[in-house]
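The structure under discussion is supplied below as structure tokens; questions concerning it will follow.
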Amino acid sequence: MQPSDPARALSHRAGEILERLRRLRPRVHVLTSPVAAQRSADVLTAAGAIPSMTIRVRDVVDFVRAADALVVNLGMLDAERELAARLAVGQAIRRRTPWLLDPVKLELSGARNTLTHELLAQSPRVVRLNRCEATALVGSSEPEVVAAWARRAGLVLAVSGPTDLVTDGRRTLEIGNGTALLDRLTATGCALSALTGAFLAVHGDPFEAAAACTLVYGVAAEVAAFEAAGPGTLAARLLDSLYALTPTLLHERARVR
Amino acid sequence: MQPSDPARALSHRAGEILERLRRLRPRVHVLTSPVAAQRSADVLTAAGAIPSMTIRVRDVVDFVRAADALVVNLGMLDAERELAARLAVGQAIRRRTPWLLDPVKLELSGARNTLTHELLAQSPRVVRLNRCEATALVGSSEPEVVAAWARRAGLVLAVSGPTDLVTDGRRTLEIGNGTALLDRLTATGCALSALTGAFLAVHGDPFEAAAACTLVYGVAAEVAAFEAAGPGTLAARLLDSLYALTPTLLHERARVR
Amino acid sequence: MQPSDPARALSHRAGEILERLRRLRPRVHVLTSPVAAQRSADVLTAAGAIPSMTIRVRDVVDFVRAADALVVNLGMLDAERELAARLAVGQAIRRRTPWLLDPVKLELSGARNTLTHELLAQSPRVVRLNRCEATALVGSSEPEVVAAWARRAGLVLAVSGPTDLVTDGRRTLEIGNGTALLDRLTATGCALSALTGAFLAVHGDPFEAAAACTLVYGVAAEVAAFEAAGPGTLAARLLDSLYALTPTLLHERARVR
């Protein structure tokens, strides 16, 4: 099967950004939960980025100053990380460092829902979430509704699911790569958010960065699934794939419309 | 070799519970240590459950309300998690949500020992621990002593070791599955505690749930060990086994008396 | 190729210490970051040691009392761990328990730099760090400069890099084992620090302990890399190698001068 035109365009762009990431080795500061920390750092490191993760209030501003992108993940949010997130985002805005918000399980917690809305007012370039969280935030996971919301909010929404959706309201792509086996492993969405931060760090158009990262992660996961007997070997092979992924493989496997 | 009668009965029941778990996908809230968090969540997710792990005092009651079971692990206990544990257990009792206690290394810390005894008064359905911890709690790891203690306390004790022991004082099973290689990997007992929470979530008899989970985990580990060159590949293969385990395999491999 | 004399001497000593470690199963208390906790504990456990990791102020002194070595890692330092580190080091000094300092990213944070210097005054047996951190601490990563600093400070410096350097100022070894693929996995330096604690626990000469551990870890990593398709399978195989490593393999592969 020949790749579609959007598949060709996105895989070409994704290959370019991935090669730039490997060359520039951007620093990404990630505020995330203990359960997602190692997997997120491993994914970033395998792809070629350099993660840092401190949540300490008196250190976080220094670390964000040294970073090329910031990722704020609200999973297992605690009081210190909440304060660190506010300080980190303030510093990112002052330095025009791109930052991404992953409002994990905002539908289950009033505190996270409140913080999500406060942080949305501070211009994240990308909000990355799953369908359930998108429905809680936007009212629906339908492409048109999500796109309209993104346009009004002036940001990129990247919604993961069986088909991933990336939109800035003006442009919308649906990406069909990935594997259902990812759902049987913890924190794979959190790790995708972390990796999207690295793409934002090396590419100025946040829509293209988020779409390219979604494609790279999906292709890496489906290639990993060929070699995997289940979620445990998938976890190991996912890092191997991200490390070894080539532009050719992206081009051959991209399913985009 | 033909399976014994207890092996046949338990493997049959374990197969039923495992299939129900995969169909119902219960939510399990796990309060655990940073070092055990990812492995515990991966084990739950591979088996088909949905973990959550927040320890934040203002969120934990909401998360326990949405959960089908609660697991309280005292490893690396800190002050916030201690308070969260009290709130979480209170909520579990109000909603009659089954909960499990894993009093990690209570013998090394006066604070954990005190908290263990306070929590034991709040009717955990199951207390899961290793032989060393059982000796510290019960005074011995001998089956008769453990069983008598469980009967007086009105709960299930699940003691892991070369042979695992599960008892409610009235019924006692010894399960000889597993692999010594598990001892060369960190937090495998903590992960078993988390998984036992998922079994409690979908089966009303806590003795059967704990025994079935012990069997499933032991068979999954020994099957994983066939493919493993050491503890690292064992960790990956353990998740694969839990994902793929069949009732037939449980039946063929159960060693129970 | 015949091994050099230093290679022969160090691999012989490393084999002895590793076998003692497996026989004695020392307890190592490790104060480290959430992102490094599981990998550090897995490395210790695979090699035969028994890790504990609590940072709680009211528990940490009890855990250090029960430990044969202490490792203090400043990655993702938070206020509670900073206080725990002070208490833990005080207890280690009182009991003459050997302890190791890993001043992660001290160059990025004023708070860590201050704490590093405060802790250096409390006689760690070994300071383990990478070249970037060594340059920040010592002013250079050149062997002569590092050795002179170690001699003045009266401790062992173990600096990891493409070639690892271990020196107490009087004796200096350069160890060329390892694999560049380790850099594509997170917290592998933190895990080496944790493992060095286990070597300190069973061998009284901290220079030999640190050099032996550096050799063991490097050989285990390069053997793991033969079987690895990338950083994910490397992570699994590294634990397998540490579990299975033989004195013969150390002898055959040691590159030391």
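Read from first to last, the chains carry the letters A, B and C; within each, the first residue is number 1.
In this text, a contact is a pair of C-beta atoms (placed from the backbone, for glycine too) under 8 Å apart; a residue touches a chain by one contact, two chains touch by 3 or more.
The structure displayed is predicted, hence computed values, not measured ones.
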Cα-superposition angle relating the copies subunit B and subunit A, to nearest 5°: 120
Subunit C against subunit B, contact positions shared by both copies (same if over half, else different): different
Geometric centre distance via CA averages, subunit C-subunit B, whole Å: 33
Multi-chain contact sites of subunit A, meaning residues that touch two or more partners: 34, 37-38, 235-236
Touching residues on subunit A, where the partner in the complex is subunit C: 34, 37-38, 41-42, 44-46, 48, 51-56, 58-59, 62-63, 66, 80, 227, 235-244
Complex contacts: residues of subunit A adjacent to subunit B: 33-39, 75-79, 105, 108-112, 183-187, 228-233, 235-236
